[in-house]
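Please find one structure pasted underneath; my questions will follow.
Going in written order, the chains are labelled A, B, C and D, and every chain counts its residues from 1.
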Amino acid sequence: MQVKATVLQKDEVAPQVHKIRFFAPRIAKSAQPGQFVHIKCGEEQNYILRRPFSIHQANSSDSIEILFKVVGRGTSWLAKLKVKDSVDIIGPLGNGFSLKSRPGKIMLVAGGMGIAPLIFLADKLAKEHTKTYTVIGAANKELLLDYMNLKRLTRKITAATEDGSQGVKGLITDILPAAITEDHPDVIFACGPFSMLREVAFIARREDVDCQVALEELMACGVGACLACVVKTKTGFKRVCADGPVFDSREIEW
Amino acid sequence: MSRPDLAVEIAGIKLKNPVITASGTFGYGREYAEFIDLNRLGALVTKTITFQPRSGNPVPRICETPSGMLNSIGLQNNGAEAFAANDLPWLAQFDLPVIVSIGGDDIDQYCRVTKFISQVEGVSALEVNISCPNVKFGGLGFGRDPRMAADLVAKIRTCSTLPLIVKLSPNVGDIVAIAQAVVRAGAQAISLINTVLGMAVDIESKRPRLKSVVGGLSGPAIKPIALRMVWEVAKAIDVPVIGIGGIASAADALEFILAGAGAVAVGTAVFMDPQSPIKIIEGIEEYLTKNGYDKISDIVGALEIAE
Amino acid sequence: MSRPDLAVEIAGIKLKNPVITASGTFGYGREYAEFIDLNRLGALVTKTITFQPRSGNPVPRICETPSGMLNSIGLQNNGAEAFAANDLPWLAQFDLPVIVSIGGDDIDQYCRVTKFISQVEGVSALEVNISCPNVKFGGLGFGRDPRMAADLVAKIRTCSTLPLIVKLSPNVGDIVAIAQAVVRAGAQAISLINTVLGMAVDIESKRPRLKSVVGGLSGPAIKPIALRMVWEVAKAIDVPVIGIGGIASAADALEFILAGAGAVAVGTAVFMDPQSPIKIIEGIEEYLTKNGYDKISDIVGALEIAE
Amino acid sequence: MQVKATVLQKDEVAPQVHKIRFFAPRIAKSAQPGQFVHIKCGEEQNYILRRPFSIHQANSSDSIEILFKVVGRGTSWLAKLKVKDSVDIIGPLGNGFSLKSRPGKIMLVAGGMGIAPLIFLADKLAKEHTKTYTVIGAANKELLLDYMNLKRLTRKITAATEDGSQGVKGLITDILPAAITEDHPDVIFACGPFSMLREVAFIARREDVDCQVALEELMACGVGACLACVVKTKTGFKRVCADGPVFDSREIEW
């Protein structure tokens, strides 16, 4: 659906990382973890393309949150929004993480901004009393976003930072194998940069753990009509926006 | 005062209003049915269909540019058979003329898809895409040369009795010559423009932003180019022109209509706002009412040129 | 670390950096001397000069469009003689290569202005404008046909020993063919692109926004089109290309340079910000420093195309 | 010169008519009545062309004012400016009203927004104790802008409104001939829509009064370089931005 959503709250939670809460009851009600919203940035027609963002939270009945890093024009514009501003949002879009098979133990793997959709998921899992373990990585301690939230929501957090300012010094994929060995997850839900996800998929296969990844690709329509956002899968190109953004990692032609 | 009459006739098909969704930006309608009432549209043009399925180009396939975007989707589609089996029946539930855009690499492929589409139910007209800049062989060549374009259209004319619309490429020196050639060859309406060839570079990676290097520019940036071509062609030919290129508001659509377009198609603007085709229909109606016109045809080509 | 070397050589003339002000948007430099230090520019291209004075087109001559503008100035100028008497001597005070843009309606007029300009002081090179879309006779025709363009350039070549740059029109189907033709005929560098033919309509008055109906589109809107043409042409010819079209930032300029432009010219952007040529020079220098290049030539045409 | 000017004050002085005062000392110091500023509207590159506005006031040493009506994109953007916002301004540009011959009695003729440059002029003339008479016209009483200012600055105001809500019901050119007959000005300084100025020029010639008109035309560079803004004069096209915007009315090819 397409709504005009009012900004309820806006915080800079880390340098250049912002969290915005929008009043959007219709989207909030139907949102599932892993789904995303497509946001019109700018006034008039300055931005031809909407910007896609994972739904970071939708558990309060009326509002949704996004968590984003300023990387270009659109995110700069969003970062300047103020409480009460109104924004044109389409969503919820795409298919979220699949929880059909009711797994026992779940491992969340979040690289950098990849934490965005996983908080919503962790929250939902926590409410369902599913056991979750988190492996997170970021450039530094400051960018280990939502750490306190995660502490509350999951049983255990293992962290890696590139500069070693918290947890192991290194990449998330350096610590993932040990975490898997230790916690024996039934399924991994991962989000982060493509190169990390490829590595995660590889590790998951090696360790024989099911793995779902939330992908990103440049999007125009966001609803499945234009075929801009495809990813190569074992069965040909699929649309990240409409067939994903969450895919079974074995489906992807990495 | 009664409401103005928005109905138009293009290539012998009746549209309840002159606002069409352009090929490739609206899929086969399904995805946008959640956002707008498809029954309100003048017509829908499908994403271009080829006889055989095609996988299209590698990603990145798009990139944003000042007031526009580049795309190199590359005619990804599931082929004519899958389209007829899955999409046409779904579209049949609407009171909506379906114009099927067809493409191919050579005359034979065009003829095969034409024949196939002509014998299935629910097709109001064909739009021959001789202009997609993304297919390495065929497509582009047909659109750039008046004689090749005419040969193709004449051949397709013999394969089908469906109303025939031909969509032209703007990447030519003399758009009027191409338009005249395809009209002589049997085109009953002309769609223009398709995308303008363009390119963008990422200076950090030192790579083209599109994997296929060159793609098609669309959106408001190209509106002045499209409008100029529509004006030139509409003066020169006797069949209706469907104006396309950067139309994002009723004012944009009215510019094309005043310049001679008998209908308009909305492409890239639906990405900005899925409601835009509906807003454009409403805005056109408002303009007619405000200015005291009874019907849309009163303003088609009504541009006044001083001395 | 020492500062990177920005110097380039175009058509045998040495520029201290690759940033030029484009023809027609910078007059003869005088008006902008209050805003920027002309000594810092790589070169200046004058507004196109014709042998005889010309009064140009009626107003309105311009109109804003999405990320661009249309103009139909129509080569208004005081003629070669007045230019040589009033403007060239004034420009001589600067350490600045002056490239004189010349135009005309037929070969004879081009030759007369060429001969005249070739015997006055202070001219570093000629830029032959075969592309201005606003002159009813001549201009456009030369730019659209490879043979006519080559004939014109060959004739001009015989009239002058000045370095010869030829500025092409983008309103053609095959820009490479034109570029190759004029290079064979003696062009020592190619400027592209000039403006793209476009149009805009005022739906309230139902009139074209430009009095001459059609004009030339410039500004960021056309950048992808210009970049694509520069890339195509730079690959195909052996003389330098001056990239023009929508350049408003150092990043824009670098896109052109990576795509193969040996220099760039800034047009419409000076209207937004008179400082833009200076900011672009500084930004290019910064990029080279940041990425560890010693000299600008290291990145000319350095675009990487994956497989 | 080109400056970054901060908004000091902003008021909506009539429906859709705004007055903005900018901190711009260098422009303020050299500004002459009839000159204009060229303002960059919008962020980034949304507006290819700057917008020209008459200098409405520059008598305080540090600031300049503009007075404008919202008619399109650029003026809408300006109308949304807030105190402390910073704007890129070029100016002062063009040639102002010529006061070389030191006229005894001056008549200001302002149609609609044409009042904008004339307040600055009236103020300057008042300071020099020149006798000025004003003839103003507008659609209605509300749009007779700066009426109180004018009362203070000029000896007499004659007004016409199209709806008769103040002064004579009619056009400014209906009341101008009588005003000339009554007040015997040595020179008329006029600003307003082109059709009004043409009529004013015609009346001035008939009554044998010198007349200067401030013209408008679409502008790109604003500094005389691009030849966009020309007007036909007895000696060929002249640039409104650099040769005007004030012209002797007899020079123009009406």
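Basically, contacts are C-beta pairs under 8 Å (C-beta built on N, C-alpha and C of every residue); 3 or more make two chains touch, one makes a residue touch a chain.
Nothing here was measured: the structure is a model prediction, and the numbers come from that model.
Distance from the chain C centre to the chain D centre is 36 Å, each centre being the mean of its Cα atoms. The centroid of the Cα atoms in chain B and the matching centroid in chain C are 34 Å apart. Centroid to centroid, with C-alpha atoms defining each point, chain B and chain D lie 47 Å apart.
Looking at chain A, one finds that residues 45-46 touch two or more other chains.
For chain B, the set of residues touching two or more other chains reads 65-68, 219-220.
Taken as a contact graph, the chains are arranged in a single closed ring, with each chain touching exactly two others. Chain pairs that touch one another are A-B, A-D, B-C, C-D.
By the touch criterion stated above, chain B contacts chain A in their complex at residues 24-27, 30-32, 34-35, 47, 55-56, 58-65, 67-69, 71, 73, 76, 219-220, 248, 268, 270-275. Within the complex formed with chain B, the residues of chain A that make contact are 1-2, 40, 45-50, 88, 90, 217-232, 236-237, 242. Listing the residues of chain B that touch chain C in their complex gives 65-68, 70, 144, 171-174, 196-201, 203, 205-208, 211, 213-214, 217, 219-225, 227-228, 231, 246, 251, 254-255, 258-259, 287, 299, 302-306. Residues 44, 46, 73 of chain A touch chain D in their complex.
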